[in-house]
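The same chain A turns up in both complexes below, where it pairs with chain B and then with chain C.
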Partner chain A sequence: MSSKIDFAGSALARCAPSDATAVAGPTPSQTSARFGSITLAALALPGLVAPIGAQVAPLEEGVIAAKFGVYEDRQPGLTRVRAISPSLYIASPIASSWSFEGSLTHDNVSGASPRWHSSISSASRMADHRTAATAKLTKSFERVAVALGGAYSDEQDYRSRAGSLELRIASADNNRTWSIAFAHTDDNIFPTNRAARGATRRTNELGLSVTQNWTKHDVVQLAISRAEGRGYYNDPYKIVDIRPRERDQTTATLRWNHFIASSGDALRTSYRFYSDSFGIRAHTLDAAYAKALNDRWIVTPTLRYHTQSAANFYYDPVYDPVVGEPFPVVLGRFASPDHRLSAFGAVTVGVRADWKLDSRWTLDAKLERYEQRSSWRLGGGGSPGLAPLTALIAQIGFTRTF
Partner chain B sequence: MRDTLEHIETPALERIELDSQATVFRFRAMASPCEVCVEGLSSLAAEVAAQKAANEVARIEAKYSRYRSDSIVSRINAAAGGDWIAIDDETRSLLEFAQSLARESEGLFDITSGVLRRVWDFRAGKLPEESSLSETLALIGTERILLDGSNVRLADALMEIDLGGFGKEYAADRAAAVLAAEGVRHGFVNLGGDLRALGPKQSGEPWSIGIAHPREPENTIASISLRTGALATSGDYERFFEHDGQRYCHILNPKTGRPVTHWQSISVLAPVCAAAGALATIAMLREAHALEFLDAQGCGYLAIRFDGERFAR
Partner chain C sequence: MKLVFFGASFFGRRSVLLGQALFFVALSSGCAYNPPAAWERGDLAKVKMKFDADRLDAMAAQHTYFSKEAASGGTGVGGGGCGCN
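Our next item is the complex of A and B:
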């Protein structure tokens, strides 16, 4: 099973190719790369209509991007998982009002079997490959765009297929965009240890968002999504891991992008509230400041804080005095030792650099460090007995427009 | 946004049905032939939209023309070296834009450089005296436009400003905004060669815009496809004279006081016309270093060098 840190992964998010920016509008990686300083100064003139229009406008140029990412996480004394992910992203206008976006990712995952209580170090070795592909076709009308998406992910013991349909509508003044999207995901789990044969899971997700150009320099977005999943949620590689067969997830995200015309910098912030029927409540704060050093370089420091409560059935690493680990003291109807379901806080710090070689080519590099600790949970009360988890994420890539 | 300026003449529109879809309205403003092309509106709605766009151009001309004594530009110039003049938000934004252009062009684009016209007489076609040229150069400098909130003052009594460097382009953008507000989604505004398109033809096809040949006024040298955004051209052929076989054009370098010579014309594509026009003029002023500047600014262009060689991106 996919083992990278991915809280409440969303089918809608997966159906959108990974490079799609959640909030359109002035972000330096897009805007500055396309507009020089003089155009930006001209855009501050009064009474001009926005040149790029709303998000329903069809793509006018194609983008191809390739990334190479490395992920490695560790706990004290144990390097657990290493993943190497090359990926390819393409977006292209294909006719006057049609555009296509697609992505292809391949992960090579190796390392110790993850997600046990960290006190248990008798980890078996694992190696896995994952191949994931997404495709999205968009038809743009005057102020409306319809997008049909598909996503496919395949690994040795897991297969996921998703389809999505999205409708975007721009207001008459192009300053507001509504979006409504529906996605359906079918997952199939075939554990190599045959703990579950032919297990399936189906998820329906509905997402609504409104994006508003608040001022010339501010874009705000409110996005709400609800996902209802039914089926197999257990971790088949854990001896005591029995989870409910339904999981309903609600997410509300508020984003604010502020663009500073004088310097070409941009501040991107977001707050996300997450709640699910497992009993997890999470809050995530995200901030990135894209600093335009000159016409060619953008450096973006990023900071993210995540805090969550534990799932109702998560059990602390306190084991049955007679049987011993991994059996919990009290085995309820449901139980899981998965540390992703524990109560913790996590901080991600990172920096990204974009180097624009010329009008067509951009190189980028990103380095992020993730650290998760029980004691960092907001207000205390983190799950006891877990060693801190750290992860390093590095990525280099290029983007070319055509 | 209504101005209190009196006697703004309403431009008279000449209506031309191009084909079953497109209607072109021609009028004169800013000493140039102008046109508004509209597709996809009823005949009446198209005319109303075009008239409002033309009125907007006339409003900007009346407000900013240095040839009109009641324009805000003339009043600022008349008060040079003296009192502060109160200005509105629009004027302040334009002056701030001028300051940005001066900064981004390292002083090459300067709305105070019009004083050079006092020593360059394009009608008489003779070269200026070195001494009067250097005296005039001392009057130039956007940093000597003093902006204090909603008041402006020129530091020296002999200074003057001229928004001609981007006024027509700004008017094209504003006229396009008027058309957009009238529901126009397919059409463009062309003010004497400075174009702003609102969107492609109804069929989705781009507009095909001819670029004038800099040496053969009747011919075009290329055509550019434009769907949205703007196209502006700066050339050495708008006003010039020849002296001893050398062409002296009206684009004067505010640092040397001399006309540019490296390019016959530069056409620039940018999202808005005010940017396209400024980029084209700055590129002309950067002479041999024009193309690296345009590349860094991320815009498309067609540049024709003094020897007729073309460069495009």
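Our next item is the complex of A and C:
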């Protein structure tokens, strides 16, 4: 639950693939018939195959990848949580028009928790494990693909099961792909402190997207999603935390990737708007610049900025000068001091390196630093009394095609 | 040219401005709409031009932010939940 494992740094969870074709080319037969061998040769080059989940045509080769990630966050005077997360991913054609994609992640989490605001004196030690898996089966037709997916996540006090159905349709010229996806998630919550027994949450999601090859060097994607959840949203590990039993979330995401022909580099950008029935509005900007050093090395600096307003029922706890602990001030029917529901801004700065060993193998490494401050909220006016939170994220991995 | 991004009443004025800013950046950088022919898609097909080309990395990042921030989603549906938020 939220404060018991108030952490990050692992894979999976809410991680369905992007849903529309980015650069899905024509199927091999169409390509061959209409455009000759040049395009075929380009598409057949290792590493040029569109990622599964983002194309209509069936996969032409398989991919297996593994990662080992370490996450550690801290606030002034306290190292809070460390998570170690190995993960595995595979995508493969399994017949001429079928593809399979799956992933498996295990999180080892330990550290100080819970802290129901920024006070550190009540911190205690905790440890938890989480195992998560996803699977997706895709059937491709001439310009249509249908994907059936499932996700499972299990930890000591939380279990989540999800299923999804997605339809992707490519335009006649293969420059545009429409996607519509529906998902249902069943969550079961059983806090170790028995604050809630048999608590459940049900969520239905609908996603729509369109991906367009804008020019021969630009691809854009617009995705809109709506999620409606009903059930238990409280944090049972916080002293005062009473939230509405329904949460409706809307996102609109615009992504734009631009290829710079003169250097062979790529600029990837995105903007996401988020709104929910808790009263939170958020804006997130992402940018990554993939710099090709030579045929084997790509270095990618990344920058992300996130800003959000507070939930309607978030309250600013009062720190008593004698006691020191944040004093719960409950003013309404709903109340929560969860800092993730507060108003703040966050910046992530990182760099990633990809080293292509040969036509099949690629190694990658990533290092990121995340920092969250209330004063960094866009336009100011962040929630008072919150200690800055910083996190380091390191990750190494490999990818092999087959 | 009047560029309509989203309804301001639904998404708010600030997001409309940010969205339109992105479009204007695209347009001003010479990205007039000109869909490529099939034989011109070689650069678009490169891994570095993919959305979420590294699935594990994308999933890890989404999970990280899901556990630290209130906002989530935007790149797909049906990934399931977890107890981290």
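Quick notes on this structure:
One rule holds for everything that comes next: the second predicted complex is superposed on the first by the 336 of 402 C-alpha atoms of A that agree within 3 Å, B and C clash if a C-alpha of one lies under 4 Å from a C-alpha of the other, contacts with A are read in each partner's own complex, and residues count from 1 in each chain.
What we mean here is this: contacts are C-beta pairs under 8 Å (C-beta built on N, C-alpha and C of every residue); 3 or more make two chains touch, one makes a residue touch a chain.
The model shown is predicted, which means the values in this text are computed figures rather than measured ones.
In the superposed pair of complexes, A:182 makes contact with chain C only, with no contact to chain B. When the two structures are aligned on the shared chain, A:227 is found in touch with chain C, with no touch to chain B. In the superposed model, A:167 lies in contact with neither chain B nor chain C. When both complexes are overlaid on chain A, the residue A:142 reaches chain B alone and has no touch with chain C. In the superposition on chain A, A:199 makes contact with neither chain B nor chain C. By the document's definition of touching, of the two partners only chain B reaches A:359; chain C does not.
In the superposition on chain A, contact is made by A:69 with chain C only, not with chain B. Chain A is touched at more residues by one of its partners, and among chain B and chain C that partner is C.
Shared contact residues on chain A (touching chain B in one structure, chain C in the other): 34-36, 38-39, 42-43, 47-48, 51-53. Against chain A, the residues of chain B that register as touching in their complex are 1, 89-90, 93-94, 96-97, 100-101, 104, 170, 173-174, 176-177, 180, 185, 198, 200, 203-205, 227-230, 270-272, 274-275, 278-279, 282, 295-299, 313. Listed in rising order, the residues of chain C touching chain A in the complex are 6, 11-12, 14-15, 18-19, 22, 26, 29, 31-60, 62-85. Remark: chain A residues 33-39, 41-49, 51-53, 60, 95-97, 142, 295-296, 358-359 touch chain B in the complex.
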